[in-house]
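Just passing along the structure, written as structure tokens.
Lettered A, B, C and D in written order, each chain numbered from 1.
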Amino acid sequence: MNLANYPFSPPAASNFAGEMDLLFYSILGMSVVFAVITFAYVIFYAIKYRAGSSADRSSPVYENMKLELIWIGVPTVLAIGFFIWGAKVYADVRIPPKGAKEIYVVGKQWMWHIQHPNGVRENNTLHVPVDTDIKLTMIAQDVIHAFYIPAFRVQFMVVPGRYTQMWFRPTVVGKYHLFCNMYCGTQHSEMGGSVIVMSKRDYAEWLSNNGEMRQNLSPTQAGEKLFNKIGCGNCHGPVDLPPRSPSLMGLYGKTREADNGQRYIADESYIRESILRPGEKMLKGYSNTMPVYDKQLSEEEVMALMAYIKAGALPSLPAKNMAAGVPGTEAQVNGKAGLNSNALEFTSERADATATSRGNDLSVGAMAAEKGDQKR
Amino acid sequence: MSTTVKTPISTDDAAHPPKLNYLTNGHSLRSWLLTEDHKRIAILYLISVSFFFMLGGAFAGMIRWELTSPAGNFLESDTYNRVFTAHGAIMVFLFLLVAVPAVLGNFLVPLMIGARDLAFPRINLLSWYLYTAAGTLILISVVSGGVDAGWTFYTPYSSLYSNSNVSLCLVGVFLGGFSSITTGVNFIATVHRMRAPGMTWFRLPLFVWANYATGIIMMLGTPVVAITLLCVIFERTFQLPIFSPELGGDPILFQHMFWFYSHPAVYIMVLPSFGVISEVISAFSRKRVFGYHFVAFSSLAIAFLGFLVWGHHMFVSSQSMYQGVAFSLITFLLAVPSAIKIFNWTATMAKGNIHLNSPMIYAIGFMGLFLIGGLTGLFLAAMGLDVHLTATYFIVAHFHYVMVGGTVMGFMAGLHFWWPKMTGRLFNDNIAKWNAVVVFLGFNLTFFPQFISGWMGMPRRYHYYYFAPEYQIYNILSTMGATVLGVGFVVPVIYLIKSLFTGEKSGDNPWGAHGLEWQTTSPPPTENFYYSPIVTDDVYDYDPVAEHEASRELGARGH
Amino acid sequence: MAKSPLHAAEDHGHHVQPTSMYIKTAVILAVFMGLTILAAQVDFGDIVTGGRNHQLGYYINNLVAVGIAAFKAFIVVMFFMHLKWASSTAKVWALMGFFFLPVLFSVFCDYGTRSHEVVNGWIPGQTETALPRVIGSKDQEHLDPKFANEQNRNPKSNLY
Amino acid sequence: MAAHGHADSPVKFQYEDIDQQNDTYVIGMWAFMVTEIMFFGGLFLIYTLYRMNYQGDWWKAHEHLSWQMGGINTLNLLVSSMLMALAVRSAQLKERMKVIGLLSMVVGCGALFMIIKYFEYSSKIADRLYPGPNFTLDPTVLHGANLDHAQLFYGLYFGMTGLHGVHVVVGMILISMLIKFWWQRKKVVTEDYIPTELIGLYWHFVDIVWIFLYPLFYLMPKPYSVIGGH
């Protein structure tokens, strides 16, 4: 029997693993001390003062303010200390650093769609380079899921209707579990796979060698294609045209003032909302003429559009619709039902066929590490 | 006894107390099903609650059996989902929320405060019928195809995506909620206005304090979850997504409203158990509860603070960071009143004259398990760590330590303690003692390994884990423990039922305990007391030194 | 038997109130009903801020509507429901609901602060990178050069 | 101790005297009303959040509600509340016929309320404003509001006023039973005014809920996005 087959803790493979493990073992240590001392007293008293023993029972105490204050005070101080520590770790987990490499994740029953910045897409497997800040921007298409990588000690819910974020920096090359950790229906256990941390060189190679993918458009490219296809450019040209249509070029990150006086920074959620429900946060000085795209576009499509706008909404091809200053009076979407871009191939047969392709791969995580050790 | 009693309840029987007790006062089915006697209703509750506990336990057995193998080859995924939902829903809504308050609380609160009944006996009966209706509906929903939404019924899965009997089950939970509300209203009105003369607030046994605090939570929290679940039923019936993003609804709002009740609900489950443990430890240590006022007020503190921590279930659900911080802080502070209770119980035992009967063994077991359950709560209250641990088996283990280790151990302790009072018979205390040890060990074997698999990241509600076989060893240990635990819960059924027929007559006060409930006969008459009690002495007026001296003298004479 | 000692001391005062009291109460309630209809027609944005800030006016309108409703509810509770003459325990319990309803509504601490979470790209230690998405609080305005520019251009726009 | 064991006595056997019983009943009723507050409170919470999020659309959708009809109902419930309070007063004075008369008028007010509600609901249903797949697409009925958000609005409108309506009907049934008891001179009501008072408390609570529902649904102020003319 090899004890390494029965690990007690998950592999530690991200920047959070260190601080979280320290917090975990600190609370564990305090808990063990408290539990052992208290329970030892219980057992000790139960034996010493059992009926019939000759222990001294004289002058029993029924109230002791000092004692009470001590055992109110000490746990309170400890609790506040651990609260602060826990909150600090939480803030680290929740706030992604600047310049993190952004990967998009869409959760749907029962698979993860993952899209890399250069357009490589994968299902249920996430390839990431080591020692790089990775930020996941996630959304669900149906029910709530949760993206959970135990080895990285990160988890966040993937909610329909809004983007959530998660970030981490993998530190150890290897293959780790990826789980959906929010119950999402029949095949909940199937919704997962692995996270593969590669060296930076391997990752670059993997990205470029990904010949398997037909026509890998990056989200930005797919977004541009869609942008032109549904005719966004008919109105949103390179210059602002009040009161009809503001330019979207370089929109991302700007402060926008809505007509009710609220100010927003044009972030992902703002852009998404403005595509889906343009009337919600009407830009000051503009009127609500844009059609509502809620339910007209899939989440992948919105994400592609959002990525394109985020990238600056600059046309890379000479687009026929980009005739600036010619506002199309009927910026209507004719092909609502037939909307299709490459980004949509997420939902094509090929992608779905891999939904349950988790594979009977036992060589994940600690087991894999252990096997590797034996080989060596 | 220093409590003086006077004023016969019924002038006819002043000289000759009636032979009838509440059990023999009418034998027809009608006299049971239409009874307004709180003691009979408690017995009705005991029977139904035990039934649902066994049923929920059977579902737990199926889950444990399934998880021994990583491949999940015993049940289909759909079946497994229905099984764990049935286990959760039955255990939470039909056992844990009801067990201690509705069985022991119903039976004992009027007895302990010297009242003849609860304030509203008919409403009390109504609450049992609502509970039965709730149980029947949930049972029908489970039998006729099952529910697969999990007991938390998170939207939009429960509202728009699940095609199982969610609505029917939710109607059941809704009715169960009203049963809970009626019990709570009853307790509150009773404790406020039905106390016997001389039974001041600070002479109330801690069990009554705990049930009073529980009543507050039942009344304030339950309606919120009732309306939330009604909205989910509404969503499913009219296809109007209130909590789903299709029309602009917010799925996180459901979680807010659900946990606004369901976190305090944890205290509905565990506070009455705290009360039981206070009684048991005091009675078997023959010593007044240490720091009575602190224990009493910690119950109220838990009830009130418990309403301000629901967001700690949602640290990773995309609720605002800032609110998360506030919830985390209050959660940590909430650990303090629980700690106060544990420390005070421990101090109660010091210099007592401790009788290690079965209720005391259960109570000691409770303290051990609740210590672990409470302390592991700190891991989850620390927000950063919660990111890793939430929704894993660590959570599963934590709440089983609190719920089973807290509520069920408390329930068992209370049931054994007051069994002679309820039935007038003694059970075999030796078997019961060893059984308590078996339950304690089996419980730890079942749930401790889950802490480890959870820390290693095994997600809850997973049907199989062939891709992560390193979790198997812990699941096997857990299943072994569950088998032991199962035995530990079947044996009491046997010896307790046996005691009804062959048990020795217990007499009024077999444990030598203090308190109004022990001053009437066992089983008590329908009116609870032959005389209207007037309380003149303090609560828990034990004297360990005197008792010890007395027993030593007795021993000396015997030699 | 005499009253139990516990309760003997309390006087619950089953005073019969005069009919006129009930009619007066009803008239007050009717007047406030009229007020709430009137208040809904008025734009407090025009009155309070001189038409400069309609969003604030909208909030004031809503506050007035809910405030009048709360006052009416108070009148009903006190006089029609006799809480004024009820025992203190009943008073405490009547207040309990109104105390815990705000606790339930503290859900809005979540929805209210979500937009204030630090934005992507916050660098620990550099406060200027930690701007909230909705710029409202004074102390952060000077940190955002973009916002400062806009403020110069549009000095009246930061009323809210 | 004469109270005990007499079936027709208004004092139940578990109480010492009538004062204790009445006090307990009032506390129990207030405690029950706290649960009702929390019950409706959950709905008000949902309402507040979505109203905050979709101010403009909800305002537009609310224009289809008739504030006059709602106003008549508000006045109606107010009058019924006053009548109920007067009925309790008469019960205190043990004026049997007055109580019966006033309570009948309260039931009449309740019936009037439900009739007005019936007309309101049927006009909404005729315009297909009930939530679900058959929700109307007609922009004139929606007053230009976003379809989804209008649907949320009407969902909550029917949900909240419907739940209130259920409470009104339950109140009418309770009051009818009370009238029957008074008519039959049942000692439980004639000897003591508290049962009448308890049902009165319930009826006033129903009124209070409507006091909040009326401005929230029928009298929304115009949000700026609508004033701005978009």
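Please note the rule applied: contacts are C-beta pairs under 8 Å (C-beta built on N, C-alpha and C of every residue); 3 or more make two chains touch, one makes a residue touch a chain.
Bear in mind the structure is a predicted one, so any value in this text is a computation, not a measurement.
Participant: What are the mutual neighbours of chain B and chain D in this structure?
Facilitator: A, C
Participant: By mean C-alpha position, what chain is farthest away from chain A?
Facilitator: D
Participant: Determine which of the two chain pairs, A-C or A-D, is joined by the larger number of C-beta pairs in contact.
Facilitator: Result: the pair with more contacts is A-C.
Participant: Centroid from C-alpha atoms only, then distance chain B to chain C, rounded to Å. What do you get?
Facilitator: So the centroids are 38 Å from each other.
Participant: When the centre of a chain is set as the mean of its C-alpha atoms, what distance in Å lies between chain A and chain D?
Facilitator: 46
Participant: Go ahead and note the Å separation of the Cα centroids belonging to chain C and chain D.
Facilitator: Once rounded, the distance between the two centres reads 22 Å.
Participant: Touching two or more other chains, which residues of chain D qualify?
Facilitator: 1, 16, 20, 23, 27, 31, 34-38, 41-42, 45, 49, 54, 148, 223-224, 228 - these are the residues of chain D that touch more than one other chain.
Participant: Taking each residue of chain B in turn, which ones touch at least two of the other chains?
Facilitator: Answer for chain B, listing residues that touch two or more other chains: 7, 188, 192-193, 220, 224, 246, 248, 250, 252-253, 257, 321.
Participant: Any chance you could list the residues of chain A touching two or more other chains?
Facilitator: 92, 94, 260-261, 277 - these are the residues of chain A that touch more than one other chain.
Participant: So that we know how the chains sit together, what is the shape of their touch graph: line, ring, star, complete or other?
Facilitator: complete
Participant: Using the touch definition up top, name the residues of chain D that touch chain A in the complex.
Facilitator: It is residues 54, 56, 146, 148, 223-225, 228-230 of chain D that touch chain A.
Participant: Could you please specify the touching residues of chain A with respect to chain C in the complex?
Facilitator: Answer in residue numbers: 92, 94-99, 135, 165, 254-255, 257, 260-265, 267, 270.
Participant: Under the stated contact criterion, what part of chain A meets chain D in this complex?
Facilitator: Within the complex, chain A touches chain D at residues 259-261, 277, 279-280, 282, 287-288, 292, 294.
Participant: Looking at the complex, which residues from chain D come into contact with chain C?
Facilitator: Per the stated touch rule, the residues are 1, 3, 16-17, 19-20, 22-23, 26-27, 30-31, 33-38, 41-42, 45, 48-49, 52, 55, 67, 71, 74-75, 78-79, 81-82, 84-86, 88-89, 92-93, 193, 197, 200-201, 204-205, 207-208, 211-212, 214-216, 219-224, 227-228.
Participant: Considering only the defined contacts, which chain A positions touch chain B in the complex?
Facilitator: Where chain A meets chain B, its residues are 5-10, 16, 19-20, 23-24, 27-28, 30-31, 34-35, 38-39, 41-43, 45-46, 49-52, 54-58, 60-64, 67-68, 71-72, 75-76, 79-80, 82-83, 85-94, 109, 142-144, 146, 148, 150-151, 153-157, 159-162, 164, 177, 179-190, 192-194, 277, 295, 358-362, 364-367.
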